[in-house]
């Protein structure tokens, strides 16, 4: 299951990367997000998985698509030649990947669910997370609320047409 | 009277005169024309010290008197007082300075009459006397140096006295700077002595100096001598003295003939014990003196400017004095200083009188409508026949000419003969080979001296007047204030020689100056010579030789110039050819200095070398660093392309770097 | 007279005056306030001078001290610590003397933005006096930098054509050096704490004097200090900011710059470089003295090539200060005393030269010597003053310049540290060259016919100008003939300094003598005194013991 | 299912790198924004994997905030894109280079 | 955790977040007022009042014992109060300076001030955070608000460009930042800073993971404080954003970010490895910032590079890593905040028709000091202080960061630092001479610009500037005490008090 989803996720990500139409990219990304949501479920993190689909795939990506449609964006013309910055970018991207893989893949072959399946399920459970959110993380939730408010106000300020 | 008080008065009166004469008129314009007051004060502050010195001289009992004023500076080992010493040597020098100085001051009241800078002149002159007195009365080297530089300053101020003519000022600068080159050596000598002995007081130097190692002694004396060459116009630093004639004539008489230029001699005499201990350097001194003497004498033959002749003559006579010093006969040097002060002072003042009168001629010619732009009142070629118009000047000039030429029984005869004799004796008894050379050169120079002085006198005073319209335009004798000093000095030129009668007379017992100065300034050979080291007959022979040469050459020149006048110079020129050209071009010394030393230093090195170097290289590097930062900034800012993806790329590069350093580097 | 906080008062009275001028509106009121303040400060500094008794402090300790509590936290011993000793008293006096003179010289020269000018001038004086009075290195640094800001404005706002370039160059050049010095000061402070665990970070001069720093460390600390001061002096080849700054600055600025600001460099060398790093200073003495000598000759020759009178005087400073540096690095009492007195002398005579050139500039608005000529006829008093100052500057015996140069050269000649006759001989040629370029200037300016009618109708010095010149001219004479009262003031401090240097030099040599049996112990604690082993160290202290840091 | 933790981590790294490449390559501002979302998504995966492997909920809580932040950023980001489209009529980030050097 | 107990604990901890509460509540009120009348003149002053109250509270908190609140989520007392105070003061100054500026640009919407308040809330959380989650949430709250504020004048191409660049790169760096948190979390199993330091990094992989995490985590901060090579956004964004808000971005956000970074370095990381990284970044930052500032013709852009350079100086202290160094960095932040707010404030007042702003050059301001002496004099103070001249605060700031670095053995780094600050003298002094030493009539740009008349005067804004300038001068006397106080925040007892959490 993991490998299937993982392959699919990577494929979707690459698809996003290579498609030239923004709409296509957005749809590839949605696929990727679904795959990741699936992976969350394989990790027993059901709450996050649901949130992932609801917020990310459902809300955020719709927003993206909406804006793309609104601005009536089509694919940008292809660049004639390859610039050195792009070569460098690719090289750097590969190096980053190598570094990250080096540090993440080495020596951490501990299996998931070290304690027990119950604990694992409980940790991913909405109830526990909810309790934590309103006790230990109450302050953060409040500030996150302000963050969202600010984002809303800001988005309105920037995108709204004023009467002037 | 208390001798300390006297010394104070002697020193400070001229200073007082300088300050009053200088500052008063500077700030109060009405005072500038009060010539009577200024002249009287200026002369009085020299004459009174002369009287006081005479009193000191008369009452001097042979024990040196040291007068301390106050502490100059103390630092570390150095303890320096304003300290003055009255002894035989300084008394004689003081007498000369104040005596001849007084006379020349008197002369100046007439000579400078009507000059807008009258007050300045007397201020400078008084200041000069003050500095000169410091020089001769000093009891340690720095105070001597104070006077030494002080007279240099006054010389500078007086050479450039008529500053509106830039060539005068240039000559002044030259004098000061060339003197400074000598001062450099003087300073180094002081440093060397101080580093060895820890003191610069004469008593210490003279007592402990001779025990220094030979190297140190040689260096010290050589440096002192180089210092002396600057002030006393010896090769190679004599070049300033002929130019110094740009100053008013009394200045030439006082400073550039009688007093200041002899201070180099004074210095060596003062340090005689050190000099005598440095045998090799003595040879250098004597040879340089001899070469200077003959070189200047040959140049003097070719000069047409009456003062230039006298100037080169002075250089030549100074060379004589150094010859004497170089053979250890310091008392003879001083003797010659004394006689020279009189006859050369007299000659210069006489030339001043002539120039005065020729300027008068120039004015009259101008009044009559002649073009006087080429008329040079100092050029002997335009003179002639002045004896009839100005008898006093003529006669005194004649007496002094005879004296300097070494005509027997006048002052120059005795002193010059003594020098030649000492040189001879040094070779004869002491066995120093260079002394023979010195003697030979001295004899030739004596002949040359007689020649050019006779030329000078006859061209100037006899023959027909050679200026235009000589029938209607006449020269005039100068005023009494100028002729009286001339007669005083001429009298001195005649009689001062008897202060140092040669050893052939009464076995030298009548050589007063030798006895007075004592063996200190006589040197190793001179002392026994009192008893007659050289056979009397030989000495008589020598005297005869030099008298003969002097008289003979003088008469030859007389007949030549009386007969053909100026034209004889052309005969000479034809006879000597290139040599004559070299003489009249002063051996190309000036060309050498102007074109090689000055040009390469100022124009080559400073102007074309270092100044651009400073701007382009030294400053260029500084500006270059700043410029490089700017350029670097300009290059770096091109990385800031404005494209956000490039920024992101840089960021990721940074990430790679940081991860690399953190994970793999630490 | 017993005035409390006298030293501080002398430092900060000008600041008070500066604040006062800010409140005033009328230019004349501002000028008079500035004059009154500076004169008052000068009067106070005379009290200070009289109150300072060299006989009392044979150990060279400062007197009339004002010390505050530490400025920073307990672990950092940085404090307000001012006082006077033999090295500084004369320079303080010179600074306060130049104060009223500069104000007077600017009376009509500055005809715009007077308020700012005089306020900055007064602030500048505070800075300079503070530099000379500080006995704490950080405080010294603060005052040292404080002088830059007013000077930057004085050059930049009231200066000549190319003023901005000159001002920036002046500030940046000095800044590079002084910032490096700051690093060295910090290191030194910690080094002291490291050498002796009982001590905290300190920048107190007297405390630092007690420490013997290893020779290696000395070398680079010395390098940083010396670089900073060499720029300020300025020592060849770091001098190029000076001609620019001088030429562009208004007269008052040039006078301060030449008169006292440059002395901060030489003073710093004497006060800090020598006693704090005696071994390094002696090892590098020859190199620095050689640079100084190059500067003497080079400055003189370049001065001779200048067509601009002010630039000529500026380069003459390069030459003259070479003598001071030479004297400092000779390590003999004579030379050191000469250097100290020469700092004052140079301030007087070069200050006078700048004032006079400024007076000419104010009359004719040109500094090119070609534009002048024959002025001796039209302005005899000014000419006399100029010739007098030139002679003083050229080191004529009987005037002030000679005393310093003579002592310096005399002392350098016998110096065993330099041990080079050739060097002194070359330096002495500077005496000749000084005459060359200075007389050339006199020649160009004053002699010859008055060909240009613009020069013929110049006014001679007026009463104000005469009053401001008079003290300087008088001092040239007084210090030429009676330098002893001044030398006497500096003697104990100089002796103390040289003795300290000698002792410390020997101590460090002994400390670093060839390795012995307890080499290993030395390895661990390279500079700690023996009792350090008994003290329990906390980790932070151990860190600062690291010899490699 | 016995999938070791580092598989998840590696997947996260790969996705993160693809996101990075997206930011570096895509010229459309909105797609760049989406790439950023992909990066955050990859991190979220990593966090959840850690959280689950240790049985500690903190990681998942951070993911919760991360998603909130992603939402806020998306809103603001899209608003900015709209604003820029209005003034420049393009979303090509290569053409948005008024300020440089 | 028992919910009831948790709530009572939270209620007891409310004073700890008093200032956050005040600021956010006032922000909400402002938003409400703005809903009725967007350009109501009282809105900014409401905000000022709120922040004044908050800062008074924080001032009071400065002396209290350090500790944690909200289950170890945030820190309270001394250190946190100091950072919060800094942020609040910057906020107050910015608000006052923005009033005339935004009014002139006809963008004086109430929402802007409200967003400023929210950004402040984020900074307060960031500056006092004790856990990774707090850091993340605080940082993002701050950032999102700043993205919006940067693009606030959306009719202006430059402003939206600035916003876009800031946003894209900010979001990008957030990705790395969050990844870093994830890896550190994975290696240590905790989000709380003190616990992180005590975690056992037994396995080799764990260590690797941890340090890679630290590296990525640092990148987030280095981006926020615009250290090179993560600085590229800074000049563009600073140039494009509304000037007073640029001042705010360059000071408050840096203060909060550095404050938080210091906490992380001090509490969470063992003292190894990161010294070299920070030192290298500091070198690059100082060089890039100072050298690139040299050739800038636009003051705001120059100040942007200057702020990069100043981040470099602070990083020197951070690299030193001693308590004294951290204290020095704190003091430097204070000084830097005052002088940079001031400098941008002056530029905000000088930005009017035709003069310096987004595209105009420094030259257009030639001789302005004579026309507007208050601005001229205060600018001079700011410039000299930024250069690090005594007796202004900037010098003592430099002293405070460099001295401990020397003590810690980083003399080479300090040498580079001082050389670079000598370079900085060039561009700071240039502002001074353009203001005072050049004549308007001699400079083409200025002559053209003078057609637009003289800049308008705002008494309140000038008041703020004068306070800043006087404050910088007064530092000469109080710097010792302030540094001492800052050192006090790093007592060993503070460490102990922070031991809890999680």
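By letter and in written order, the chains are A, B, C, D and E; residue numbering begins at 1 in each of them.
What we mean here is this: a residue touches a chain if its C-beta (ideal position, glycine included) is under 8 Å from a C-beta of that chain, and two chains touch if they have at least 3 such contacts.
Only a predicted model underlies this, so the values are computations on that prediction, with no experimental measurement involved.
Participant: Going chain by chain, each one touching the next, work out the least steps from subunit C to subunit D.
Facilitator: 2
Participant: Which chains are shared contacts of subunit A and subunit B?
Facilitator: Per touch definition, common to subunit A and subunit B: D, E.
Participant: Going by the average position of its CA atoms, which chain sits the greatest distance from subunit A?
Facilitator: Max centre-to-centre separation from subunit A belongs to B.
Participant: Taking mean CA positions as centres, which chain lies farthest from subunit E?
Facilitator: That would be chain B.
Participant: Between A-D and B-D, flag the pair that has more C-beta pairs in contact.
Facilitator: Most C-beta pairs in contact, of the two: A-D.
Participant: Indicate, using Cα centroids, the chain positioned nearest the centre of all protein chains shown.
Facilitator: Smallest offset from the overall C-alpha mean is found for C.
Participant: What's the distance between the Cα centroids of subunit D and subunit E, rounded to whole Å?
Facilitator: The computed centroid separation for subunit D versus subunit E comes out at 26 Å.
Participant: Whole-Å distance, subunit C centre to subunit E centre, using C-alpha means?
Facilitator: 41
Participant: Which whole number of Å gives the spacing of the CA centres of subunit B and subunit E?
Facilitator: The mean C-alpha positions of subunit B and subunit E differ by 78 Å.
Participant: For subunit B, give me the residues that contact two or more of the other chains.
Facilitator: 626, 637, 640, 642, 644-646, 648-649, 652-653, 655, 659, 663
Participant: Please set out, as single numbers or ranges, the residues of subunit A touching at least two other chains.
Facilitator: In subunit A, the residues touching two or more other chains are 89, 92-93, 96, 99-100, 103-104, 106, 108, 137, 140, 144, 147, 150-151, 154-158.
Participant: Multi-chain contacts only, two chains or more: what residues does subunit D have there?
Facilitator: 9, 12, 16, 19-20, 23-25, 27, 32-33, 46, 49, 51, 54, 56, 61, 65, 69, 72-73, 76, 79-81, 83, 93, 96-100
Participant: If you go through all the chains, which pairs of them touch?
Facilitator: Chain pairs that touch: A-B, A-D, A-E, B-C, B-D, B-E, C-E, D-E.
Participant: Which residues of subunit B touch subunit A in the complex?
Facilitator: The contact residues of subunit B facing subunit A are 645-646, 649, 652-653, 655-656, 659-660, 663.
Participant: Inside the complex, what are the residues of subunit C that reach subunit E?
Facilitator: 70-76, 78, 113, 138, 141-143, 145-146, 148-149, 152-153, 156-157, 163-164, 167-168, 171-172, 175-176, 179-180, 182-183, 186-187, 189-190, 201, 540, 543-544, 546, 548-549
Participant: For the complex, which residues does subunit E have touching subunit D?
Facilitator: By the definition above, subunit E touches subunit D via 132-133, 136-137, 140, 144, 147-148, 151, 154-158, 160-165, 167-168, 171-172, 174-175, 178-179, 181-183, 185-186, 189-191, 235-236, 239-240, 301.
Participant: Show which residues of subunit D lie in contact with subunit A when the two form their complex.
Facilitator: Interface residues on subunit D, with respect to subunit A: 1-22, 24-28, 30-31, 33-35, 37-38, 41, 44-46, 48-49, 51-57, 60-61, 63-65, 67-76, 78-83, 85, 91-92.
Participant: For the complex, give me every residue of subunit D touching subunit E.
Facilitator: For subunit D paired with subunit E, touching residues are 9, 12, 16, 19-20, 23, 29, 32-33, 36, 39-40, 42-43, 46-47, 49-51, 54, 56, 58-59, 61-62, 65-66, 69, 72-73, 76-77, 79-81, 83-84, 86-88, 93, 96-100.
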